[in-house]
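Following: one structure in structure tokens, then a few remarks.
Every chain is named by a letter (A, B, C and D) in the order it is written, and numbering of its residues begins at 1.
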Amino acid sequence: MARSLFLAIAALGLLAALGTVLARNLVRAALHLVAFFFCVACLFVMLEAEFLAAVQVLIYIGAVAILLMFGIMLTRNAATAEADLSGGWRVPGVIAGLCVFAALAFGINNAVSPSGSGAWSAIVARPALEPAEGVAWKAERSRAIDDMPRVVGEQFMTRYALAFELAGLLLTAALVGAVALAREEPAPGDSEPATAVEAEAAVGTTP
Amino acid sequence: MANDIPLNWFLYFSAAAFAIGLTGVLLRRNAIAVLMAIEIMLNAANVNLVAFWRYGTPAAGAGPMPGVILALLVVTVAAAEVAVGIGLVLLCYRRWRAVDVDRYDTLSG
Amino acid sequence: MDVGTALIAQSHRVDLSPTTAIVWALWLLVGFAGIFPGIVAYMVWLERKVAARFQDRIGPNRVGPFGLLQPIADAIKLIVKESIVPRPADGLVHLLAPVIVLASAFLTLAVVPFAVGLVPIDPPSGLVYLIAVSSLSPLGIFLAGWSSRNKYSLIGAMRAVAQLVSYEIPQVLATIPVVLWAGSLSLVSIFDHQAKFGWNAFTPPGLLAFAIFLIAGVAEVNRTPFDIPEAESEIIAGYHTEYSGMRFGLFFLAEYLGVFAISCVATVLFLGGGMPLPFSSFPVNLIDGSVGSYILADAILLAVFLAKVLLFIFAMFWVRATLPRMRIDRLMNFAWKYLVPLCVLNILFAAAWFEVVVRPGRIEAGRWAVGMIGVGLLTAAGVQLVFWANRKLAAAAPIDADWPAVGAARGG
Amino acid sequence: MPPNVVPLDLRDFLCIAPALVLAFWGLVVIAADLGRFRRLDPDARRVACGRATLVGVGLALASAVFLAWVDALAQSDAPRLVALFGDSLGGYFARTDGLIFFGTLARGLAVDVLNVLFLVLLAMVVWMSTSYGFTDDLGEYFALMLWATVGMMLLAAAEELATLFIALETTTICLYLATAFERSRRRSAEAGLKYFVYGSVSSALFLYGLSLVYGLAGSTYFDAIGRVLRGGDAGLAGNLAGASALLLLLVGFGFKVSAVPFQQWVPDVYEGAPAPVAAWIATGSKVASFVAMLKVFVHALGPWSHPSGSVMGPGWLGVVAVVAAVTMTYGNLAALAQKDLKRMLAYSSIAHAGYMLVGVAAASVSTEGPASAGAVVYYLIVYALANVGAFAVAAWLARDKGTEAIADLDGLAGRSPSLAVCIVVLMLSLIGVPPFAGFFGKLYVFMEALRQGPSDTRIVLTWLVALGLFNSVVSAFYYVRVLKAMYLREPSGRPIEPARPALALPIAAAAVLVTVLGVVPGPLVDLSRSVAVPMLTAGRLDVPAAVDVPAPAPPAEKPSGVAWHPETPTD
């Protein structure tokens, strides 16, 4: 049951990824990308990380895909959002991709994890999480799965506090910089903190 | 659970998605399409991270969920990257009226 | 575990056991295919009646007594009408767009606890799930506008997406106080918290958050005064201009379902779900484990829940019948300059409330009074501050500087 | 909060005070620009913004110096620290484990020294930015420069992969944006987009490699990864996943430090970016990336450098050696053909990356152990100082001529003789001519490469050193072209205006520093060695004290008050 479900989702996801890469129409490509994101979210659910799946849908589909669509709309004529694949690079690109996949797949098949858990190909079932004597991580992980939002919060407030703060700074910097760049030539004395969305809205009203 | 999904399957999926994304980066000349291919690669890495978190044995003192935390940070970074990327693409589009990376020709390289 | 208990038990984990499958199938059949569309149909009837009364008319009165069969007639009409797809349209995307919008509205309802045990699924990250699925609808709207190959559709879609994305931020920020107090993202936990501490709307930061949530919610479902994406007098019907027949019907369904869903969520988050009294856990404490007590409590909860939802829906109809449409720049200003700062401040006030009232673990009269007065004054001051600052800013800018088109037209 | 969650030690934030000050000051600069400076005329506004930024950099520098003093005191006289700051704070500062934020970040003298370096360089770059107007969004520009520096500081201090990744992204995203800030020119936007595309692809590759490393080691801490790899007897033999991870990480870092074959973006971006931004990409970002690379490769992946004992067997040593050889040769040969000063500096910075990669390779085989990475640190410091000065010259040209052709320097010696001398010093240091610091940098790196036990790695590294020496000779040709233009040619068109203090000072300061560090290299060499040891051993408890260096004692006692107990496995 779980296996066939996985196979179905994975197949769909890979098809969607291929569609993203190959579709000539950019909006179609973005649509395929959304499907891919959704499949990845489903895989997260299968990996018992529902919180991450929700975040994936929220950020990737709700924000990233929309932003990409806006980008496509603002740089192309809507009806003809066609893009060519580059001619000369087609064959080498595909060969490179196949080689990368072959190397990675071969590596995954033969990988021996030095951490003591043995070969990756030998792991056919996820570790059981019943608390065992002297194995603290099982209890930790089972709590993380059952109450993921809370544990994520705890981690961000303790162990990864710095990474969390830095992520905030990163977003601020990206926002500030992107707004400064994407803004039309600023009028003197213009001190209004226009957001990207606001700018788009303004574009939308005065066609 | 004998009927569980093997770890390898997730890894194969992610490797395939990564390779597809990389191919896309090489194939596409449109900046926004390249951006999409990059997103595929980041997502592939995320699947890896979460699968390793769920299936692997953590090293001592690694914390309960380094993989998931890293994946969340990657999601954040991806959002920021897309915002920045779209901003830059718009900027270039205003200058050249084109989004294809090949068409930008000021720099001699 | 028999099916009856499984229905009552609130699952915390997504699993694929047969019991859950049965529960989900039941929910899908009964709730999503049967009850919710029915509710929507009669919401439309109600809206027409209410609007008619506001305009001193009678409203639908031909089909059935009081026009009660009107929705059914409308539905039949929509289903049998020809579905016209413009020739240059992108066929697949054109079909997919209303489906995505509708799915978004339906999926939102999957985590709403209507009564004890009456919740399809209660994931620990329920609120994030809620926000995530509701963020799907801009995508559908955008695709609808894009695939139609129509100028007005595209403009409407751009407007809609800009508006939805902007108002999503205050909407999400407004739920943070609730999450903070309940200490959980699960909607059931939030319900439980309110059974213990009183309705969230009856706290000063909660009231502010409630108001912001409602305003943003109205904007999220594109209803007057925020119906710029489908402003008939400007851009025909916005993103669904080129839709007809049942495809249009799906958008229609999605819009009213959205209204219903937002009312349900607001009820659960701020008005204590189905609890009839603010500071008592009245029907929940009737439950003693027997099936009869469950049925009794759930009946009360469900009835009160629906009454509250009806209240919200009526308020939205009232607003629609009364207020004119907002200008788009004002709309954006309102989201970014008023609601977002207010929400951010409100989180601080909510933290103060948490420290004063919630921290001890149960409600105490003295602390509650202190919190009401102290945090209440604080919240009022915060609202004043935001409005004062905005007035200052607006006074510093020349008239209509926020709308360059007007200034340019006047100058030229 | 459940009892098993150890709360964050808020005192940890004191240790990243410079970064906090910069992060906060970015907002201050934006607010000040929006509120006050925007009403001034462009020149006054630029200077005001720059000065406001410099105040913040000064504050951060003060806090960094203070922290350096405290950490130096902790090593020499810990009881006095307790007497000065009280039990709680003093005891905290006197701790010797060198890790904060649950082991995700390093602390101590090594970090402080790098922070001071970043801040000094940043001050020069910021001052340079006020010399000519290339953007209207000044508040945003300066804020992005400050925030990029925050990323660099934390990147250089990161001890864990998640922190490393996000710090790396913060740095590069700020720099992508800053690159495109020159609104008046198309090439700036183009450079920004190119930098962005190459950079994000490389970080995606890097991330995938990182995920494989996490899967193999089960941890994201450098030290834990190193321990796991050392414990696993299989090594890299047959472990293609490990090899792919290594290669992907190498690609990621290769992009950041501009190693061949991942260098395509470098000339374009350096040419297109405004000169101060290019300076910051060439120095700050490179320093931080190299430090992070040293940590990841020598500390975490050290056991994989040459597991079979041979340089050409599986392991990163051989790859890095080849990359280093190709990088320095390519950079130098390509630089010969350049007429544009910034492009020339770009290729020369590729060449310098090659020399430093020799140092990275050496750090994993030298008999000196971690202290040998001191050579790279020394080289980085010297390289960064000289390059900031050189880019200030480019800014000077850009201000007056709008282009950065080397020919525009014609006859400079006659017009501003003292600055010409300074530029001579910088160029000579970049070539590696004896009395200047660049010479000692190269000498030190090459010596470390030669200092190793008898093995077959020796012969390869010896060849590498020989190639490096040959390359230094090649590099003389194009650096000397600058000198030739200044001294031997007459100005053909309008000669360039004399530099104002904003340009003269960075050039002069860089020249003076390079000279002083060249004449008296001892203290900085010692400092770099003592910096390198804790940098590459943080959290490692089994490393004996380095022998001939007055290095800080490696962490000897268990970290107190930290949830992370490296030597007590929980399972």
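In the analysis below, a contact is a pair of C-beta atoms (placed from the backbone, for glycine too) under 8 Å apart; a residue touches a chain by one contact, two chains touch by 3 or more.
All figures in this text were calculated on a predicted structure; none of them were measured in a lab.
**Q** Apart from chain A, which chains are still tied to one another through touching, counting links that pass through other chains?
**A** Drop chain A and the rest splits as B, D | C.
**Q** Count the C-beta contact pairs for A-B and for A-C, then tell me which is higher.
**A** The comparison resolves to A-B.
**Q** Nearest whole angstrom, what separates the Cα centre of chain A from the Cα centre of chain B?
**A** From the centre of chain A to the centre of chain B is 6 Å.
**Q** Averaging only over C-alpha atoms, locate the centres of chain C and chain D and give their separation in whole Å.
**A** Distance between chain centres, rounded to whole Å: 50 Å.
**Q** How many angstrom lie between the CA centroids of chain A and chain C, rounded to a whole number?
**A** 27
**Q** So, what's the distance in Å between the C-alpha centres of chain C and chain B?
**A** Using C-alpha averages as centres, the distance is 33 Å.
**Q** Indicate the residues of chain B shared as contacts by at least two other chains.
**A** Residues 11, 18, 21-22, 35, 46, 51, 56-59, 63, 69, 73, 76-77, 80-81, 84-85, 87-89, 91 of chain B each touch two or more of the other chains.
**Q** Would you give the residues of chain C that are in contact with at least 2 other chains, written as numbers and ranges?
**A** There are none in chain C.
**Q** Which parts of chain D, given as residue numbers and ranges, touch two or more other chains?
**A** 102, 162, 166, 169, 173, 176-177, 180, 192, 215, 217-219, 228, 563-564, 570-571 - these are the residues of chain D that touch more than one other chain.
**Q** Would you pull the chain A residues touching chain D in the complex into a rising list?
**A** 103-104, 106-108, 110-117, 120, 134-137, 154, 157-163, 166-167, 169-170, 172-174, 176-181, 185-186, 189, 191, 193
**Q** Under the definition above, what is the set of chain D residues touching chain B in their complex?
**A** Residues of chain D touching chain B: 102-103, 161-162, 165-166, 169, 173, 176-177, 180, 185-187, 189-194, 196-197, 200-201, 203-205, 207-208, 210-212, 214-215, 217-221, 224-225, 227-228, 264, 267-268, 271-272, 343, 563-566, 568-571.
**Q** State the interface residues of chain C toward chain A in the complex, per the touch definition above.
**A** It comes out as residues 12-14, 16, 88, 90, 93, 96, 123-125, 128-129, 131-133, 135-136, 138-139, 142-143, 146, 149, 151, 154-155, 158-159, 161-163, 165-166, 168, 183-185, 328-329, 332, 336, 397, 402, 404-405.
**Q** Give every residue of chain D touching chain A within the complex, in rising order.
**A** 1, 5-8, 16, 23, 26, 30, 34-35, 38-39, 101-102, 104-105, 136-137, 140-141, 143-144, 147-148, 150-151, 154, 162-163, 166-167, 169-170, 173-174, 176-178, 180-181, 183, 192, 215-219, 228-229, 231-232, 234, 238-244, 563-564, 570-571
**Q** Which residues of chain B touch chain A in their complex?
**A** 1-13, 15-24, 26-30, 32-33, 35-37, 39-40, 43, 46-47, 50-51, 53-59, 63-65, 68-69, 71-73, 75-91, 93, 99-100, 102
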